[in-house]
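The same chain A turns up in both complexes below, where it pairs with chain B and then with chain C.
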Partner chain A sequence: MGFDTETAVAWIDTAATVVKADEARLTALDAAIGDGDHGANLVRGLTAAVAGIAEKEPSTPGEVLVVAGRGIVAKTGGASGPLYGSALRRAGKALGDTTDADAVQLGAALEAMLTAIVELGSAAEGDKTMVDALGPAVRAFNDLAADGASLPAAALAAADAAEAGLAATIPLQARKGRASYLGPRSVGHEDPGAASTALLLRALAEVTA
Partner chain B sequence: MTVGIVLVSHSSALAGAVAELAGELAGPEVAVRPAGGTDDGRFGTSIELIAAAVRSAESGDGVCVIMDMGSSVLTAKTLLVDLEDEDDPPRVRLADAPFTEGAVAAAVLASTGQDLDAVVDSAEGAWSMRKL
Partner chain C sequence: MKKLINSPDTVVTDALRGLAAAHPSLEVDVENRVISLAGGPRQGKVGLVSGGGSGHEPLHGGYVGYGMLDAAAPGEVYTSPVPDQILLATQRADAGAGVLHIVKNYTGDVLNFRMAAELAEDEDIRVVSVVTNDDAAVEDSTYTAGRRGVGGTVFVEKIAGAAAEGGADLDAVAAVATRVNERTRSFAIALHAGTVPAAGKPGFALEENEVELGVGIHGEPGRERGSMAPMNELIAYALDVIHADLPVSGNLLVMLNGQGATPLIELYGAFAEATAWIEGHGATVARSLVGNYITSLDQSGFSVTLTQLDDELLRLWDAPVSTPALRWGR
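Right after this comes the complex of A and B.
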């Protein structure tokens, strides 16, 4: 089994559950260097994504991600809304009409997510943003997928790489968002956007395992 | 008809006050519409509020959108992408401008009947208007 409609729905459901469970941690990370709303915002966005899926009953994994992205854009309220929302919509479009994406197809969709975030946010790796978790995750996923690895193995490697990328944001100085106004004082904290990205990729690994 | 102006801020009060100020300086012909805060009244940004403000400001000559920072910019950019999928979308340009000064510069020029590109240039030219 690959990444089919049911798996895509499970990914968004699980993402909503784990982000809700970790809302206080995300908010605390964001309170240190951001405006302290990342957890609450993302819970709101993912709740709208889950509600949108229930209402629209999308019939392909690509459609699931497009509908979820639309809900996240509409209801999140912070910068993570347009970023994750555009990313999921772009990933959904990359999946096209397929009903059951294999590892290579899902890898291309994850690459499309990364491209959407980089384009919209104009962030590069090293800026202390979600790109620092997503970039390594997408590379890890696609390296394995290109070698013919299974989708669960690639997703597991992506989740591990995202968590390593998150840890690597601690010594970085932020160059994007509110944290960038803090200059050197942004050093020494995990980036909240990278933290939520790591949660989303761990959720993907769980639902594809 | 004149170019419309939409002001996107994290704060509903800030967007509303700057819209009032720019509208006062530009005169009644220019539609200056605020899109501040989230759709449930918190600090943040709402794509639906921005889209509604754009529709309200549009009179056929296009709309110049001026954002404060962060999610205001990202959400406005996302709306532009969404508009590409619409049939007969309004002509919308984002101005890379200081919020208050850009809003006033854009609204005042719009009141003279100049086109959208000129209004955006006027907003962006506000960076070089020295105060001291």
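Right after this comes the complex of A and C.
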């Protein structure tokens, strides 16, 4: 089984559930180096994404992600709304009309997600942002997909790489986003954006397993 | 905090209701927070949309009208508008020839406008964005998103608006907007901090004998704290910074702008000094604005903005305009 409509819907549902469960942790991370609204914002955005899917009943995995992205853009606010919203929309468009994406197709969609965030946020790896989790995750996924690995195996490697990337943000000094205003004081904390990205990729591994 | 408000939560809404009551030429969508031209844009004209946090009035809603903006999206005080709001403004400004987004260079504004532009493209509205970054105070660095967009935005909106009104296509309007931005520099000095209603206290603290040199329009830090000095020295400091960045020459468009709590009598005095300084450096004040055009709530102080005009920009500046805050020739 690949990444079909049902799996795509399950991904967004699971993402909403795990982010909701971890809302307090995300908020605490953001309060330490940002403005403390990341958890609540993302819960609101993903709730809107789930509601949008229920209302529009999209028929392909690509449409599911575009609709979810639209919901996130409308309701999240802050910088993470446009970033995650654009990322999901671009991933959905990259999937095209396929009804059941294989590992290579999903890898290309994740790559589109990364490109959207890098472009929109003008961030690179090492800036202490969501890119520090997503970049390694997309590489890990696509390395395995290119070697012919199964989609679940690639998704699992991506989730692991995202969590490793998140851990690697702790010693970094933020160069983008609100945390960058703190300069050296941003060192010693996990980046909240990288933390939520790691949750999204773990959710993907769970629903594709 | 003593302010003429009902509550910090309703400041933006109350102001929008007032704008609607005062200016029947505008359609003010208070619920969705979009200000547009009553009756919509003229078919076939390039639409102009700007927006950003509230608290900088008359920017941007006061510049909606003939020869300037077609729509504006005001956010909460000092907070970017959201993509859906900007999308709605873009739809209302669209008259079939595409829409120019004029965006001040702040991370939140740039992100939300880019997202809105993507959504507009999905609706088959072509959008081109011009990001203004005329503040000479803070240099590019790893830790900032480049220079800030400030007073030059008023000139970009006026001149690009005239180009659109004259029938230029989207790429040509964007090119004019870009050219104005490139030929413009600003610098601001604050004497007292302003108070964001929701915060309830001044955004930063200045001692009685201190000024913030290069302050931003949200009270952001500038280059350094300086000592309070006579007006002629403060004006010379500001113009020296601009001159070092983009040497003054030729015909200049000059704005001597108040930050919200500086009396006009002081602004005129400052403008006299600025004019003398500019003429002393061999340039000419060809056109000018003196008053409150891009404010920072009740922050006191001034900003000065200079644009090097050429014949085309001068002609577009002189073209008729009819908005709540700028009006001539019509």
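Definition applied: the second predicted complex is superposed on the first by the 209 of 209 C-alpha atoms of A that agree within 3 Å, B and C clash if a C-alpha of one lies under 4 Å from a C-alpha of the other, contacts with A are read in each partner's own complex, and residues count from 1 in each chain.
The working rule: contacts are C-beta pairs under 8 Å (C-beta built on N, C-alpha and C of every residue); 3 or more make two chains touch, one makes a residue touch a chain.
Quick caveat, the model's predicted, so the values are computed rather than measured.
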{"item": "Touching partner for A:Val73 - first (chain B), second (chain C), both, neither", "value": "both"}
{"item": "Chain B versus chain C as contact partner of A:Pro82, first or second or both or neither", "value": "both"}
{"item": "Touched partner set for A:Arg175, first chain B, second chain C, both or neither", "value": "second"}
{"item": "Touched partner set for A:Gly183, first chain B, second chain C, both or neither", "value": "second"}
{"item": "Contacts of A:Ala140 with chain B and chain C, given as first, second, both or neither", "value": "neither"}
{"item": "Touched partner set for A:Asp37, first chain B, second chain C, both or neither", "value": "first"}
{"item": "Which of chain B and chain C A:Gly121 touches, first, second, both or neither", "value": "both"}
{"item": "Chain C-contacting residues of chain A that also contact chain B", "value": "73-74, 77-79, 81-83, 85-86, 120-121, 177"}
{"item": "Footprint of chain A on chain C - complex, ascending", "value": "82-84, 107-108, 111-112, 114-115, 118-119, 142-143, 145"}
{"item": "Complex contact set, residues of chain A against chain B", "value": "35, 37, 41, 73-79, 81-83, 85-86, 120-121, 177-178"}
{"item": "Residues of chain B touching chain A in the complex", "value": "38-39, 42-48, 70-71, 74-75, 77-78, 81"}
{"item": "Chain C partner contacts - residues on chain A that touch it in the complex", "value": "70, 73-74, 77-79, 81-83, 85-86, 89, 120-122, 175, 177, 180-181, 183"}
